[in-house]
Amino acid sequence: MNNDLLSVLKLVSEGTLNAEQALETIQGFTNGSDAKIDTDRKNRVGFEEVVYGRGKTPAQIAAISKVYAEKQVNFICTGLSEEKINGLRDLCTDCTFVPEAGIVKRIVNPIDTKEGTVAVITAGTSDLYVAKEAKEILEFCGVGAKLYADIGVAGIHRFLSHKDDISRADVIIVIAGMEGALPSITGGMFPQPVIAVPTSAGYGTALNGFTALFAMLTSCAAGLTVVNIDNGFGAAMAAVRIINILNLRKSGH
Amino acid sequence: MNNDLLSVLKLVSEGTLNAEQALETIQGFTNGSDAKIDTDRKNRVGFEEVVYGRGKTPAQIAAISKVYAEKQVNFICTGLSEEKINGLRDLCTDCTFVPEAGIVKRIVNPIDTKEGTVAVITAGTSDLYVAKEAKEILEFCGVGAKLYADIGVAGIHRFLSHKDDISRADVIIVIAGMEGALPSITGGMFPQPVIAVPTSAGYGTALNGFTALFAMLTSCAAGLTVVNIDNGFGAAMAAVRIINILNLRKSGH
Amino acid sequence: MNNDLLSVLKLVSEGTLNAEQALETIQGFTNGSDAKIDTDRKNRVGFEEVVYGRGKTPAQIAAISKVYAEKQVNFICTGLSEEKINGLRDLCTDCTFVPEAGIVKRIVNPIDTKEGTVAVITAGTSDLYVAKEAKEILEFCGVGAKLYADIGVAGIHRFLSHKDDISRADVIIVIAGMEGALPSITGGMFPQPVIAVPTSAGYGTALNGFTALFAMLTSCAAGLTVVNIDNGFGAAMAAVRIINILNLRKSGH
Amino acid sequence: MNNDLLSVLKLVSEGTLNAEQALETIQGFTNGSDAKIDTDRKNRVGFEEVVYGRGKTPAQIAAISKVYAEKQVNFICTGLSEEKINGLRDLCTDCTFVPEAGIVKRIVNPIDTKEGTVAVITAGTSDLYVAKEAKEILEFCGVGAKLYADIGVAGIHRFLSHKDDISRADVIIVIAGMEGALPSITGGMFPQPVIAVPTSAGYGTALNGFTALFAMLTSCAAGLTVVNIDNGFGAAMAAVRIINILNLRKSGH
Amino acid sequence: MNNDLLSVLKLVSEGTLNAEQALETIQGFTNGSDAKIDTDRKNRVGFEEVVYGRGKTPAQIAAISKVYAEKQVNFICTGLSEEKINGLRDLCTDCTFVPEAGIVKRIVNPIDTKEGTVAVITAGTSDLYVAKEAKEILEFCGVGAKLYADIGVAGIHRFLSHKDDISRADVIIVIAGMEGALPSITGGMFPQPVIAVPTSAGYGTALNGFTALFAMLTSCAAGLTVVNIDNGFGAAMAAVRIINILNLRKSGH
Amino acid sequence: MNNDLLSVLKLVSEGTLNAEQALETIQGFTNGSDAKIDTDRKNRVGFEEVVYGRGKTPAQIAAISKVYAEKQVNFICTGLSEEKINGLRDLCTDCTFVPEAGIVKRIVNPIDTKEGTVAVITAGTSDLYVAKEAKEILEFCGVGAKLYADIGVAGIHRFLSHKDDISRADVIIVIAGMEGALPSITGGMFPQPVIAVPTSAGYGTALNGFTALFAMLTSCAAGLTVVNIDNGFGAAMAAVRIINILNLRKSGH
Amino acid sequence: MNNDLLSVLKLVSEGTLNAEQALETIQGFTNGSDAKIDTDRKNRVGFEEVVYGRGKTPAQIAAISKVYAEKQVNFICTGLSEEKINGLRDLCTDCTFVPEAGIVKRIVNPIDTKEGTVAVITAGTSDLYVAKEAKEILEFCGVGAKLYADIGVAGIHRFLSHKDDISRADVIIVIAGMEGALPSITGGMFPQPVIAVPTSAGYGTALNGFTALFAMLTSCAAGLTVVNIDNGFGAAMAAVRIINILNLRKSGH
Amino acid sequence: MNNDLLSVLKLVSEGTLNAEQALETIQGFTNGSDAKIDTDRKNRVGFEEVVYGRGKTPAQIAAISKVYAEKQVNFICTGLSEEKINGLRDLCTDCTFVPEAGIVKRIVNPIDTKEGTVAVITAGTSDLYVAKEAKEILEFCGVGAKLYADIGVAGIHRFLSHKDDISRADVIIVIAGMEGALPSITGGMFPQPVIAVPTSAGYGTALNGFTALFAMLTSCAAGLTVVNIDNGFGAAMAAVRIINILNLRKSGH
């Protein structure tokens, strides 16, 4: 910030910018209504804002979607129940719906494809919803993803059979509920960055995903990182951050 | 009990026992001092009482040990810190000390060896204390045990290399801390009864063994059973119950 | 595995198998769609996969059931609400429904009956659902089970009156909610393997079954083992593992 | 209070008391230093203040004890470690020390014995400290107590053998750690008021006494009441409240 | 039990009872269907079984109620939602419904009124449901109860104004949610037995009643006892135990 | 910030400041070693940084103290055990030690006394340490404080007797452990800002202060605010914020 | 109280009041039905009772509202779901409904406006409900409030842009869910009293608001105070207490 | 694995390897004593095993260190208390000790330096131990690291002043205790991969680091990943995985 600030200050000092113009540049956002649009986010962190649909009504989501449409910005919203998606079908007739991932989206600009791929692994079939959310977000951000489903530790030979394929990915996302053991196996077998996602699959001592979360955080495999329970979106974003730096460094920045 | 009671009542009815004698037989224990000796336990559940040393002073343990010595009963006491064991060395000069398992014992009668063996597996070296407690208790009860240490999921190929050996045991005890993933792998690979023991190894989200405990209880491998954290004694006793019924049924009872 | 692997490798070395055939044998499963069928499980652990219905739609369960029907494999699915069972009645017209246990099944091959019986005990009437799930699973696996209901510690004389009967079983499953005291009584009175199942019966400090779970894990009776809350299925499977080893050893293996 | 207040106000109104005297009577305590002495407590609730020693230094306890001595009031202090008791031996040379109950006391006035007795039952020997604290407090308050130790559910026949004796008490205090099952058995067998005291005996899932606490609170036996973990003092006081009302009502109040 | 047992055994010994009759007397219950009726309970603990309605269907409750009707025993069932009560109105046309206490009952025998009264105090209006459950149970057991509602600590002068009335009761039940402070005030002001009932009133840090529960258990007022959250039934039963012993002792037993 | 920034930018624009000077003014802190000194804090939030001693060695604290001495700034450090204070006595010979509050300080500039006083109330004597920490901090910030100790709810008349005095304070800090009931009484009786401090006094269900914390947060008295457990410092600072705004507004700002 | 009491006592002593009149004055409330109206509250703590709607039926709320209308007292009720508000529309036709704040109110007397304003800041749009509840309560109590929404830490520059405005308020209420970081930033930047409100926004590790609650309580910014989760009402009341004392002191009291 | 396995199988099929040689190759580790050395780890996951010192005695660590020395492998051991490090100084005279990071190491082979750097940021000075552990591990793995200490949110301007520097790193590790807010700020401001490490700094509601852990997992900034509490080692390893893939991809693999 200091250097940026210094540059702006120098421009003021030289008379290139007046004080008011300098202020606007330093502020970097436009005052709007209740939901302030963070126009600077892509610039700062490398990806656009993703709308989080839980806790918003279909009407509110449709309204936000409209703002994006007007600005000709790609729109994606996650965390939508089947009921909400149905409520949105009439309100956003030009949107694409991905109910098995709880997502609605509208792509108005071609997505800028990046180099690098992500392997998305799930332990059981009940983890698929989270995996598909991750895959959708990755693709929205221009990152290729391949899904390996239902290869958990109850029959570990199923996992081993995909070893070669998985070893070609740049980042591995491992999604598991119940005892959350698959990330440990993965981290002990592969050298890539491994992002573990606990899910709320299971009952009783599964503790709505906290047992898997704690198991992943205390894994005996070194260098695993973890995101919130059922947070396929967050895991995808963490992978995007890695892929972004990878693309940047490969291009010489 | 009804049939037993009925038999006793019939003996009374026939005049073979008087009422007072019948009462003593039905009661099945002798009134002693504060610590009542459950003389009937072996008869009821197939194994003698094991003294639990935590929360008892060396002097108290030595006193109890003396009672066993006088009765010519085999004595074993678990849960002893190194400090307590050292305090006991002078008080129980004819005892055997197993500090790496927190145990002191005195074998005065030959142990009645049973058919059947138990595989005791640990994920890491920090689980060895619990494994050795289990092994000592098994042997005290006449059950052979073999220890497989440090073969956890961070390098799963080490575990796989012992597959044949383990498959020959009658019962498998799996001991693991941190994320407690090894029992899931074991249960998914072997048909025998699997008794999982969570340990307090790890820190932070290991939750002093609760993460491993919950992970084992919510395992995706079917038919695992679990005992208390660090409870090598309990796992051994559960294995003894299985080996006992196995011996009984094989002998035609 | 090493020995098995060695045998396969020798077959390759001798030219009996080519490399591709060897790979398939070592892999031990067929690549299918999202839900991979673990065709090797019975071989490995002694029992077929049981389908877990919670988190699956009636349509999904019906589809899976159809695959089993086509393969002429016995099918059983647990964890079904009354609503789901009703939804399945039209989709699986040749299935048997056991709503009081939350189960649907289709038996196409005669069940291979095993020697040995299991006593299933419940503390209260609200634990019956879990007990019936256990009984159904046991019978599906060819193990005879007898149910003793509502004999909890508030009137302990009811429990004592069944003592003789229970003492003839090979394994005891004890199911209790609230304070979960019955397994302690059972473990202190019987020599057999005792598998304790906590249930979510009760309110407030019953903590949805966690109080019973913790009470059972910290029981003063030695050698109890415990499964997840409301997990009648898991307790049955643990009993099957014991009965299996008992049958195997009696037959001289 | 209204009637009392009204009486005082009438005395003022009649000129029998002046305003200042009335204020003192209504206030009912004397302003002292940091630790205000609640001179009115016995009058209000039927028993003197018991000093709680945890968190006080030997010097502080000795100072408080001296105030009681000067006032010729019976003194008792609970919650004292062996170390603190040793520190107090020189400071309170005329006190009686009960280290096995963590108590120091000085009886300067004959204790007013009440009608009625309390049975104090413990499940294990590690619960004895709490039981002896309860017994000391009961006797300090003039209530007779009888201790039944080590008769827990692992060998329930030991408990049954004392049934007649226990049934003659007016109040039953049941003290148990680990799974805390004994109060349920007691409450299901006896008609008297049952006060359950969980103890911190046990490890892991015993949760420092919380498992026993929750088990007692969710007991299937009706009408049990519970006090804090290891709170022998509180259980005794609750029993004293019952014995007091019993004496009062028998004497016609 | 020993003396009783001895008596029965002597009767057998003398030929007054045969062995089978003795067994039935000792057993003290009749083998029925799933829900075993504890015919011995009133004899043992001084009150009949109260049916707990949560987790039972209206049909099941109606069936149980019918058994009581046939046996001419007073019937009361607690824990009923408004919906269940409405479902029962057609099935139990001769029952009395108390929806504000979640209770249905049928009194066929005159209730045996006991000496002694209970003061039932609530902190807020949202605690009234629990208070009315307690009051109904007390009256079902023949114990008079008086309700003091909405006199919590936010305006402590409301509580103080009832001091005289409350001081005439034999037992005090104090019911409070949120921070659960009222029992501390009560216990510090009155000498009688005080039974505290935490309720689930409040939100967030009220923790569904656990904050009030823990507050009551750790109260600075000596000799309070506590029951489960929202357990008006349990508090009433604990009061009945006290009133019973009071009646018994006054009558010279 | 915008206005401030705009002013600075205008100064640059006018040539009064060069770019580098402007940057330093905007930054508002000096780059130092590991522990950066927040020279701007008093300016921003109205009070100097207070050093937190827990987790620092006596040597580290002495070093920091020396920096303050050199800058001629008043120094205060909290959270010191008796052992640490003793370790500091030789290192900071010109400091004042307040062991009963865990504090060391050195006042080199006269404290700027503010209008307004704070009443600091404790429920028990074990809460005094926290109260004295609060009082020391208040006085360090120029705010007068008066301490009312040991006036908790077990004898509520002691509290009532100070009502007039307390009602003259501008802010009330109420400190209580165990069930934490005193803030509810206080908040229901006084109109001033009430800051509640839970303490870790108590055992078992006192949960190291969490029961008091939750009780205070869910109090039925409206408008209480709460700080961390044992955080006398935080409560004092919150009071200082109120007194500061009060002084500011009274002086016409 | 003593001085007040003394005055009343003197009036009695002088014959100005008789004993009954004195009692009524000291009592300070009128005996009503179940819900006692605390007529003295405004007098004691500076604000009227606010009705809490959660756990009350529309009919009950309408009845209470009617009592206020008859007494010509301003009425406000919080915590109302959309469903309840709709149920109330027909029952309270002269009320004003604020569904976005969960509030219904009826203002019959002009509100007494106070000097001083409160800044109400929210981190996200999902915190708006709580913010609007706070704003409504503040205005009901005559305190001006300004809302700054959606300026959380994910784009901290949005927050910084309002710095000047916020610095003019007398009290700052900061409302945030998820990780609850905004109060730390606020407390580190502004000198005023800061009242932090955690909200239940978020999922998984947000723990229904407990993560934000604990984060706010353990904030590194000094002098923050905290209220219960989602408790906009409580935060407003705490601000009113501050504004009240501020008005009182400015007016010379 | 399949491809690898297939290759090996083909070699056997061609006669290049015999069956025993093939087995050894497939196994990939040597059978040793209790602590099996995972000779294959670097090959599999890109980094050597790091010895974890907590729970090992100085003697054990020295013994392990000796094995590494004999094998001429670089050795590093973490988690060592000051006491243990002192105990090791005589046993490992040729080791380097880093007590401020709890580390002992011996570098016998030149470290293979990688391209890419990691910024390690701490919120407070009490987080330095964890930061230095991370820095040591990074450097042991050949990754350059730069430390920015004590720039937490209580004075956010200190953080902002390092913005340019931090933006040049490839990976950011953010270490914070208490409310753990700094990662949210960092993630909202920088595009790189951000690995958040909660620390146990703080008391009371800091919950030994769980509040920071949960806050980081539920952060409003997208794409953060988190490791266990105080786990500087794990964060470093996660960064190494990213740097490794970055080097690999840049070199064209």
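Letters A, B, C, D, E, F, G and H mark the chains as written, and numbering starts fresh at 1 in each.
Basically, contacts are C-beta pairs under 8 Å (C-beta built on N, C-alpha and C of every residue); 3 or more make two chains touch, one makes a residue touch a chain.
For clarity, every value in this text was computed on a predicted model and none was experimentally measured.
*Asks:* What is the touch distance from chain A to chain E, in steps?
*Replies:* Shortest path length, in steps: 2.
*Asks:* Walk from chain C over to chain G along touching chains and report the minimum step count.
*Replies:* 2
*Asks:* Report the chain whose mean Cα position is at the greatest distance from that of chain F.
*Replies:* C
*Asks:* Please name the chain that ends up farthest from chain A once chain centres are defined by their CA atoms averaged.
*Replies:* Measuring from the centre of chain A, the most distant chain centre belongs to D.
*Asks:* If you list every residue number at the chain F and chain H contact, are more than half found on both copies (same) or fewer than half (different)?
*Replies:* Chain F and chain H contact each other through largely non-matching residue numbers.
*Asks:* What whole-number Å value describes the gap between the mean CA coordinates of chain B and chain D?
*Replies:* It comes to 38 Å between the two C-alpha centres.
*Asks:* Measure off the straight-line distance from the CA centroid of chain C to the CA centroid of chain D, and report it in whole Å.
*Replies:* 49
*Asks:* What is the distance in Å between the mean C-alpha positions of chain F and chain G?
*Replies:* Taking the mean C-alpha position of each chain, the two centres sit 25 Å apart.
*Asks:* Residues of chain F that touch two or more other chains: which are they?
*Replies:* Chain F, residues with two or more chain partners: 2, 27, 154-155, 161, 187-189, 203-206, 213, 217-218, 222, 228.
*Asks:* State the interface residues of chain F toward chain D in the complex, per the touch definition above.
*Replies:* Those residues of chain F that touch chain D are 125-126, 128, 149-151, 154-155, 157-158, 161, 201, 203-206.
*Asks:* Would you mind writing out the residues of chain H in touch with chain A in their complex?
*Replies:* Within the complex, chain H touches chain A at residues 1-4, 44-47, 50, 115-116, 160-161, 163-164, 170-171, 187-195, 213, 217-218, 222-228, 233-234, 237-238, 240-242, 244-246, 249-250.
*Asks:* Spell out the part of chain H that touches chain G in their complex, as residue ranges.
*Replies:* Residue positions touching the partner: 123-124, 152-156, 178-181, 184-185, 187-189, 202-207, 211-222.
*Asks:* Residues of chain C touching chain A in their complex?
*Replies:* These residues of chain C touch chain A: 27-29, 31, 34-36, 38, 40-41, 54-56, 200, 208-209, 213, 228-231.
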